[in-house]
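Read through the structure below, which is laid out as structure tokens, and then see the notes.
Naming follows writing order (A, B and C), and every chain is counted from residue 1.
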Amino acid sequence: MKHIVVLNDKSVMVDGVPMQLENQGMAMLNDVYRSRIGDYPKFFKMDALCKVGFVASELLLKAETDGEISQRKAHGTSSRAVLLFNRSGSLNADTKYQATIQEVDNFFPSPAIFVYTLPNIVTGEIAIRNLYYGETNFIVLDSMDLHTIAEQIANAFQDSETESVLTGWVDCYDENHFEARMLIINRNEDILNELNKITQ
Amino acid sequence: MVVKISDNIVSPLGMTSEENYSAVKAGQSRLSYYEGKWNLPEPFVASLIDREQIQVDGHYTFFEQIVIKSASAAIAEAGIDPASPRVIFVLSTTKGNVYLLDKRITDFPEDRVLLGVTADVVAKHFGNPNKPVVVSNACISGVCAQIVAMRLLERGAYDYAVVIGADMQSPFIVSGFQSFKALSPEQCKPFDASRRGLNLGEAAATMVLGAKETDGCWKLVRGAIRNDANHISGPSRVGEGSYRALKYVLGDCSADEIAFVNAHGTATMYNDEMESIAIERAGLLDVPVNSLKGYFGHTMGAAGVLESILSMRAIDDNTILPTRGFENLGVTHNVKVSNTIGHTDKKSFIKLLSGFGGCNAALLFRKEELK
Amino acid sequence: MEELILKLKQEIIEALNLEDVKPEDIDENASLFGDGLGLDSIDALELIVLMEKNYGIKLSDPNQGKEIFKSVAVMADYISKNRTK
């Protein structure tokens, strides 16, 4: 069965089943972290885009391994690529960082925010959490065009070590406007067919 | 097989690849000490393009202008029609038009800061009907963009790819690296025992790639991207991702065939040390290693394309370019770095890069002999 | 000094996003890095910003941080001697 996670600032759905949640936005993500994940204090250092991608990937991987998360981290693997897409890049972190340098008389550039001003950091967070030594990449498009995305995922399999790709759209315009549509695609699957499931 | 058809570099050292190569071979650099520039409280060393030198007609940001200028030159040399649907634009950049976030700058619409939007502006300038692909994978983007293009061409999706790597400097980027205490107060010294950090730079570099082999052409043989799975900003202490990328692109090639490894060599304590470990693990300790950061600084999204182009020209010139700024080896493993010009008759090299997010990339290039 | 130590703990928790940590959870004599709170290199850099922003202390050499950030108590002592705000 193909597992799909679709979440946004108002709802979280795993395999089409919505989670019962009280809050929205970042508070909602923090709640999901606490109730479903909870063993990764670094979560609270992440910027919004990383939190969105991290929560989505954790829910997806839990579904994939039927909850047996401890198994997957034992040795690390290079057979899984992490390839994510969005339109906003790292705009939310960029805007927050700009605020730390905008005023000449309140100029305190923040390294903890600056490190997140690159959209690929979310792929790094997922790789660290899961010991993924394989390919990680981030592509920015001006819209969620499934044909372009499918083409890029197909290309990823040209790396002979890549057997599966953790992929999807992970976008965070600001802390109240974000979404993630994530799935795992395996070698030889019909990519566009599988990808279409993230819009359902 | 994917081949390089033409190339161009727009940088502080020149507006063509030839000018840049000659300047580098002559040991030149535009790395300068800036105090009070852009009203930044801390001074910094950087290599910046003279804004007056770039005159592109139309309402474009400086970033777009250098991209268009470089791509135009490479496209003209390649003799391809950029408006053809069989041509795809692949853009590598880390921060694009991020300078537009400054509230005092209001001459462009807000969404111009989005990478997909700026890439679209560039593609439309050339009349290209396809949606451009923007690779934003930190400092390895330049190699990633080449790999993305290679794969598109190998699968027959397009006939040509215009791969452009570019970044411009700004208070946003400079202050960020300053907050990281990653910048050297002087000109950078890759792999040197007294290295103190990186210098920042800006450039736009373009390669036009094609899928048809021709005699005496440059081939992009094999590329790989691998993650350290360790830390989002510090490199792996065992060079895990970098080693894995090197191992993959070497394949069954012997180290003997490799003229040199053009490393990332940013001159930070951690990066250069990590690369020396990865190079040793990959069995490449006898292969000359160089870094070009001493000529241009770290050009971020442009680095992978810029440094690959210069490396190709070096091999065409039977040359191993010196590592400007290097004097005494200051890394654990005895990598063969030199500050003098070397000679080589070998026809292959590896471009190696690392970036924030724990990512690393390598690309093997080979010059095919004329038959 | 006690007031400063408490204030510092609150500021550290906020600046470093130590979400589930309360001031009473932090032992002011325990090491901040390594085992203690498990802070990393980015946290050390952020503490440098905190020193300047809240107390007007500029550390020119990040390596000074290793000594000063040994523990909250050591940090508070340094701040009380060098603060300009």
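What to note about this one:
The rule is short, and it goes like this: a residue touches a chain if its C-beta (ideal position, glycine included) is under 8 Å from a C-beta of that chain, and two chains touch if they have at least 3 such contacts.
All figures in this text were calculated on a predicted structure; none of them were measured in a lab.
Under the stated contact rule, the graph of chain-to-chain touches is complete, every pair of chains being in contact. Of all chain pairs in this entry, the one linked by the most C-beta contacts is A-B.
Annotation: 32 Å between the Cα-based centres of chain A and chain C. Rounded to whole angstrom, the centroid-to-centroid distance between chain A and chain B, based on C-alpha atoms, equals 26 Å. Rounded to whole angstrom units, the spacing between the C-alpha centres of chain B and chain C is 38. Multi-chain contact residues of chain C, defined as those touching 2 or more other chains: 42, 45, 49.
Shared interface positions of chain B, defined as residues touching 2 or more other chains, are 179-180, 231, 233. Each of the following residues of chain A touches two or more other chains: 109-111, 115.
For chain A in complex with chain C, the touching residues are 30, 41, 44-45, 108-112, 115. Residue ranges on chain C touching chain B, taken from their complex, read 40-42, 45, 48-49, 62. Touching chain C in their complex are the following residues of chain B: 179-181, 231, 233-234.
Against chain B, in their complex, chain A makes its touches with residues 76, 78, 82, 87-89, 91, 94-95, 97-98, 101-102, 104, 107, 109-111, 114-115, 117-121, 123-125, 127-128, 130-143, 145, 148, 151-152, 154-156, 158-159, 161. For chain B in complex with chain A, the touching residues are 39, 41, 94-96, 98, 101-103, 113-117, 119-120, 131, 133-138, 144, 148, 151-152, 154-155, 157, 171-172, 175-176, 178-180, 224-233, 240-241, 244, 248, 355-359.
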